[in-house]
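A short worksheet on the structure shown next.
Chain nomenclature is as follows: A, B and C, assigned in order of appearance, with residue numbering initiated at 1 for each chain independently.
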Amino acid sequence: MAMSREDVYEKVQEVLVDALGVDEEEISEKATLMGDLGAESIDFLDIVFRLEKAFNIKIPREELFPAEALMGNADYVKDGKLTASGMALLREKMPHTDLSQFEKDPDINKIGDLFTVASIVNYVQGKVG
Amino acid sequence: MVGIMKFVLIDKIVSLDSGVKIETVKSVSLAEEYLADHFPAFPVLPGVLLLEGMIESASWLVREKQNFANSMVLLEQARNVKYKSFLAPGMQIKYTVTVKTIEDNVSSFIGSGVCCDEAIVEARFGLRHFNLADTDPAMVHADGQVVASMKKRYELLRL
Amino acid sequence: MRWIWIDKFLEFKSRESAVSLKNVTLAEEHLHDHFPGFPIMPECLIIEAMAQTAGILVGEAKGFKEKVVLAKISKAVFFHFVRPGDQIRFHTKIESIANEAASTTGKVMCGEKLVAEIDLMFSHIDQNLGGKQFPKENFVFTDMFMSLLQGFIKPAEKSV
């Protein structure tokens, strides 16, 4: 089922309004899920569940929100920053996200900022074609 | 009408900025009956009672702002109520509820509950308020009773 | 008082849906505070009744191995209030279920009246949530709740 980016964005917007209890106006492509929209881990699960239903796709959680797999691993995180292998893994797992800014200072506390509305729209569009 | 209070989920109003914000506190005691079932060997305040604490806090903002004009102040909707940590006996939670809007018959709020710098609960919710006599004039006496009790309760909470 | 807000199950379809019932009675002490002069069932307790109905449905889907607790009230919207003498029914279904969480939707009915719509999320707390230690036994699904399922599931289905 091919969908235009606007169609995908609209549906993603609905999902985020329902999952996060925010107003439509608060959602923009650049809005970060954690910083701007107040999402936390239970919300990430809620978003995955709703996206699966809305788009009739299966979303392995680590595909959409892979940071958690990296965080606990000493190979990938050193002194609060991602190592080269951590960064490589993140790039591999998040092809739908622009990591160029993050790469300049791969501070794990800033990983949350990577999860923007745009990255979700990109991911979903990749899945629905 | 005096009696033991069995359903009041805040202990005290710490501050009230009319029409703007309220801060309240609740201490949790092992003697609260529902804790025996929630849960055996792991007593914690049920999540819905944390929400109730915020609903009651918001209700006082409405009642005070409207000078107790409406007897019924009820939850109309709650969205994205998140439970972040447990509240156990010996702990005290501080609720902060801020007004988004208060109109004649509806109001909306953002609330949070914190204990020792740790977030316990957060919610966005809205109340509706009215008098029973609005739909049934015969109920004006019931409205009067509720308002009188709520005024007395307000005095207790502000001591 | 006992912290149980449903009286019986009317239907129970494992891993799918359930319907429970509650009679609202003046013997419930908290009604006399909410409000003195005109008792109505507090909305938060209507949410709790739905959470108990849906929580048992989710718990049973996992063989009661997980400690299922309410993590988020996604939405709770109320259209009518509930009075002593009312009998209310909680209809709920599992929308999504994963290893660590589940989401449910539900409607509360009083006769033909839609009282509320309540959507919830449950998470399965493990032994070390945020460094907290929990007692090993499943303290969430006590005998008080399990007895509600007599006649709906076989007794051996709760793991200790």
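Simple rule for what comes next: a residue touches a chain if its C-beta (ideal position, glycine included) is under 8 Å from a C-beta of that chain, and two chains touch if they have at least 3 such contacts.
Bear in mind the structure is a predicted one, so any value in this text is a computation, not a measurement.
Looking at B-C and A-C, the interface holding more C-beta pairs in contact is that of B-C. Greatest Cα centroid separation from chain A: this falls to B. A separation of 36 Å divides the Cα centre of chain A from that of chain B. Work out the mean CA point of chain B and of chain C, and you get 22 Å between them. Computed centre separation for the pair chain A/chain C is 32 angstrom, with centres defined by C-alpha atoms. Residues of chain C found to touch two or more other chains are 71-72, 74-75. For chain B, residues touching at least two other chains, in rising order: 79-80, 82. Residue positions of chain A with contacts to 2 or more other chains are 19, 21, 42-43.
Those residues of chain A that touch chain B in the shared complex are 19-21, 40, 42-43.
The part of chain A that touches chain C in the complex is made up of residues 18-19, 21, 42-43, 45-46, 48-49, 52-53, 61. Against chain B, in their complex, chain C makes its touches with residues 1-4, 29-38, 40, 42-45, 47-48, 51, 69-78, 81, 130, 132, 134-135, 137, 139-140, 142, 144. Here chain C touches chain A in the complex through residues 71-72, 74-75, 95-96, 98, 100-101, 103, 121, 123, going by the rule given at the top. Contact residues on chain B toward chain A in their complex (touch as defined above): 79-80, 82, 84, 124.
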